[in-house]
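Following this message is one structure expressed as structure tokens.
Labels run A, B and C following the written order; every chain starts at residue 1.
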Amino acid sequence: MDRRTFIKLTAVTGTTATLASCGSPENQLIRFIPAEDITPGVATWKPGVCVMCSAGCGLTVRVMDADADVVRDGKAGVVRIMAAKKLEGAPAHPLNQGGLCVRGQAAIQVTYHPDRITQPLKRSGNRGEGRYEAITWDAALTELLGQLDKLAAAGNTKAVATVVRSGFSQRRAIIDEFLKRFGAPGPVVYDLFGDDVLRRANAMSFGREQLPTFDIGNSRHVLSFGADFLGTWNSPVAQSAGYGRMRQGRPGLRGSFVQVEARMSQTGANADEWVPVTPGTEGVLALGLARAIITANLRPAAAAGRAGALIDGWASGLGSYTPEEVQKATGVSPQRLERLARQFAESTPSVAIVGGPPLAHTNGLFTALAVNALNALVGSVGQPGGLHFTPQPIAARPLASSSLQALSVQLLAGGAGAPQVLLLDGANPIFTAPRAWKVRDAFDKAPFIVSFGSFLDETSAMADLILPDHSFLESWVDAVPESGSVQATASVAGPVMRPLYETRSTPDVLLEVGRRLAKPLSPALPWQTYDAMLAASFAALPAPAGGTDAWTDAQTKGVWTGTLPASLTAPAAAVASDRAGTAVAYAPAQFDGDAGQFPMHFLPYPSIFYDGSAAHLPWLQELPDPLTSAMWSSWVEINTATAGRLGIALGDIVTITSSQGTLQAAAIVSPGIAPDVVAMPVGQGHQLFTRYASGRGQNPVELIAPVTEPSTGALAWAATRVSIVKAGPPDGRLVLFAGGMREHEETPDRGGTWGRGETG
Amino acid sequence: MWLAVIGSVGCGYVGYPTPPPATALPAVPGQSTGLFTTAHASFGEAATHFFDRRAEPVQPFDFPHVTHVQKGIKCTEYCHSNVTTGPVAGIPGLSTCMVCHQAIATEKPRIQQITAQSKTGVDMAWKRVFDFYPESHVKFNHAPHIRKNVECATCHGNIAEQTVAKRNVELTMGYCVNCHNENKAPVDCLTCHY
Amino acid sequence: MPKWGMAVDLDTCTGCGACVTACHAENNISTVGPEQAARGRAKHWLRVERYWEGEFPDVRLKFRPVMCQQCDAAPCEPVCPTYASHHTEEGLNAQVYNRCIGTRYCANACPYNTRFFDFFNPAWDKPLQLQLNPDVSLREVGVMEKCTFCVQRIKATQIQAAAESREIKDGDIQTACAQSCPSKALVFGDLSDPESHVSRLARSGRGSKLLEDLGTFPNVNYLNRQVEA
């Protein structure tokens, strides 16, 4: 179509949109009296807490007036409200120090999302269909109370299962306390990209079952094994702030950075040296480096202490990790090994990081212990520029609970011991759990499911009752960061705007339910509201220097940071390992699928949507992916030579098959991935997740085999092998921004932008 | 239809994010907003805009400025006070009126009318008088003008003698630029259009 | 008279893209959707480019955030028939939407591909429009738009400073992209102040400009990745 016709059409459609308005008094909008005092055009800034991942960064929120559509007494009109307009990183927050990542910036679209659930809903269709009818809060709470009272009367309070996402907060503490006092088990924490293996390793090596904090800003050298610490892993903004300082924040001193991984991640792209290794052998490389350091007398073996003693062969000099053996296993040459070892030992303070794919193998625990030992060897633990653990208040210790896999088994088994009520708070395990765990079938067997989330997705669409939470800008919100700061930190913020809809803050709902149960909670929950609970827990903290008291100070700043008194500090975790005291040896990673039938390693990695939980935000869908510039798309990354061998070009549709299933996606040919690895971002492929993500792309989780790390039971998501074959030419599903400045009628085959840099 | 597109004018809404047109507003979120359209409803409307002929807005209530000014109330004292702290003067809502009129002149019929209305929760639907076409992209900030002691009447006319405000002063770009030139204020485009 | 400029430290930029989303949020950039994005109509005023070098296993990837360079000798200015694209005294390349008639000659002339045409009137699925920044114009169909160095923030700070009778200090004005950057790779400031952060970075030995040989005299300095000795 040419431009004239096009503009004509716009005029027509535009006209119909405005026909009814334009100043004629009969059609003037009804304006309702605002509920608050509003100065138009003047912004106020209020503290906030970002909830898009478990890092817990601090926000400062710009709040201004806006006209919101409302319907009152059947009359449609507008009312002026104070509305959040922009999220920025809180400048003085110890974690993010004024910065904010893509997900944090996009988070404001959660509050204003067109498909947000606006009131309690009761299922009116089949499970998973997504058909619901609106009900009142009274009716909804009555129903929930009915279910819980029934269980309590039958003496079966254990039959309540809860699934949450990771992240410590006082909000989580209320959920934990409610469940504990009701007599139900603690929540199942499920995160596809969870770091349970690392926590276990840290418990064994350092006595802290916790994610580590890296003082990168004071490091001289960072050696990262697979961790996307500048993108999605652990506390990315805090780590990025440190990275910026490490590189160019100290005059005359620039830190260096080496990344070890099989596929170049966004983080790896920034490395001074990028070291590809065979998947599952990162621990071998780490010990090879350790041996080289010890052999060259750069550091004594004993310096590694307990962390070293956990490694089989450490005390005797790590004889099986000679440069030749390391090369055989990893592919890293002896010269490179020697050079990397020297650099790591001599550019002090240095620190090693491990996370992501290396820990998602069956030998992930060994790899984590090896890197821990490497850190201990060079003395980086607890030192400036090294590895630390954020002091944690006791209240943040979550209840131990079972795994998602175990819950699924319980539900499928049914019978007397099976959960009768399933509570869902923010997790989407039907999307992110391996199909073999049959989570959907398991949930379907639960007699009664309640979801507290704000959106319909694969998992919440199974719920019988939806009690939508406020969005984080409309309610009290808090986070107790597990990592990201050397000092104890607790973020907290009050609502920056009034709730737009008939939603209620989930902790307040639980507190009310707790009060209205036929058989009271034992003991009763002492707080009337969530913010009363926050006030009480912050009051127990020491006041910051020059501040009045901790609670008043925290509300103004959005954060409390300082030194926790001993009475409030969580004790070091007891070493709870089935191998306590036994040294761990290298075992080659086990993969699902035989190498003949499935020759490629499959690497599903966290995308800008993280694990898909942010795929519903249109800004993120349209954001060009850092590595590929793809928007609104799924894709498979294939090594250049491999693609050439298989006859695959940019945009071609390929079929990937694992023992679990098969899917088709567009291919992107990349030089930054090993020839026997194919990678796919996790996040797209939702069957149901708002208008922006539903039915878009493919979900690589469908191919993941249920391989687990033996000690922790954590999913080894990088342990699946696949086969890949070309299925057809490009069909237009892949949308790239790079080279997309010209209009194209058909499929973008941008061709040639790879390897030649970008032009318009 | 073709011609209706030229000269792109909105439908009389002005200022900051143009509120959505008063079509059937959704009770639940999700409808798309044609938030800013340049099309006209008819050729007549397009012509009206092109020749800058504005219909005098019909206000829902004949508020007497003259009465209040005669009582010694200054423009920015109670009702348009926002202009001293921010860029927008704004038209006061009923809550502002009721601050005084919950006690003052309560026996007058018009006061009783607004008292009754304020209880319904429906605000007075004032039509904005001093505005710019949305596609002029004018960012007007009162504060520098107040600071330079520009009299309200310079741009807003003799409101002190009017009931509801009438657009006696034509706020054309030439009017602004002339004053800016005379007073050595900036006249580059980005001063007001960005 | 300030002269606004930016510096981008490519040694510190991690390619995360937070700046791109922050720009969309601040400047009311409408999301075009997958079909229009496939036609090259996505409006990323600021984009992160990626440059691959080498082949596996000796492969390198470099990120580069690119926005309107606010060139002193901007090629987009002389070609605009209506003076919609012109240079201000403070060093900005102004885009005046109400002058723009949409010839798109400026985008044709821009060697950095940082100018975008509005193919549609903006529409947001309600209530996403509540997020819109009231200080930034909504651009109608048929006009060009581009990075403005967050001119609304510059103006607001200048007016505020005048109201408080104080000078504007370095760091008072932050563009949305620079403010959000987690590693603080983007810096905005006054190039005519020799002590400002951006000026000091502009004097860096690592500094260079994009497509300098074209003679556009851009005002964004790119500090190259430092190579290990």
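Everything below uses one rule, namely that a contact is a pair of C-beta atoms (placed from the backbone, for glycine too) under 8 Å apart; a residue touches a chain by one contact, two chains touch by 3 or more.
Computed from a prediction, not measured in an experiment: that's the story for all the values here.
Separation of chain B from chain C in touch steps, taking the shortest path, is 1.
By C-beta pair count, the most extensively touching chains are A-C.
Centroid to centroid, with C-alpha atoms defining each point, chain B and chain C lie 33 Å apart.
Rounded to a whole number, the gap between the C-alpha centres of chain A and chain C is 30 angstrom. Chain centres here are Cα averages; for chain A and chain B they lie 47 Å apart. In chain C, 121, 125-127, 129, 132, 134, 141-142 are the positions where the chain touches two or more neighbouring chains simultaneously. Within chain B, residues 16-17, 20, 26, 29-30, 34, 37-38, 87 each touch two or more of the remaining chains. The set of chain A residues that touch two or more partner chains comprises 7, 10, 14, 41, 66, 69, 112-114, 691. Those residues of chain A lying in contact with chain B across their complex are 7-8, 10-15, 17-23, 25, 27-34, 37, 39-42, 66-67, 69, 71-72, 75-80, 112-116, 118, 691.
Within the complex formed with chain C, the chain A residues making contact are 7, 10, 14, 41, 64-66, 68-69, 81, 83-89, 96, 98-102, 104-106, 108-109, 112-114, 230-231, 236-237, 240-241, 243-244, 247-249, 254, 256, 264, 266-270, 272, 274, 276, 500, 608, 618-624, 626-627, 629, 631-633, 639-641, 670-675, 691, 696, 732, 735, 737-738, 740-744, 747-748, 754-755, 757-758, 760. The touching residues of chain C, when paired with chain B in their complex, are 28, 83, 86, 88-89, 92, 94, 96-99, 121-127, 129, 132, 134-135, 137-142, 148, 151-152, 155, 159, 162-163.
On the side of chain B, the complex with chain A involves touching residues 1-2, 4-5, 10-13, 16-17, 19-30, 34, 37-41, 45, 55, 57-58, 60, 82, 85-88, 90, 93-95, 118, 121-125, 127. Interface residues of chain C, counted against chain A in their complex, comprise 9, 11-18, 20-22, 24-26, 31-34, 37-42, 44, 47-52, 54-57, 59-63, 113, 120-121, 125-134, 141-142, 176, 179-185, 223, 226, 228.
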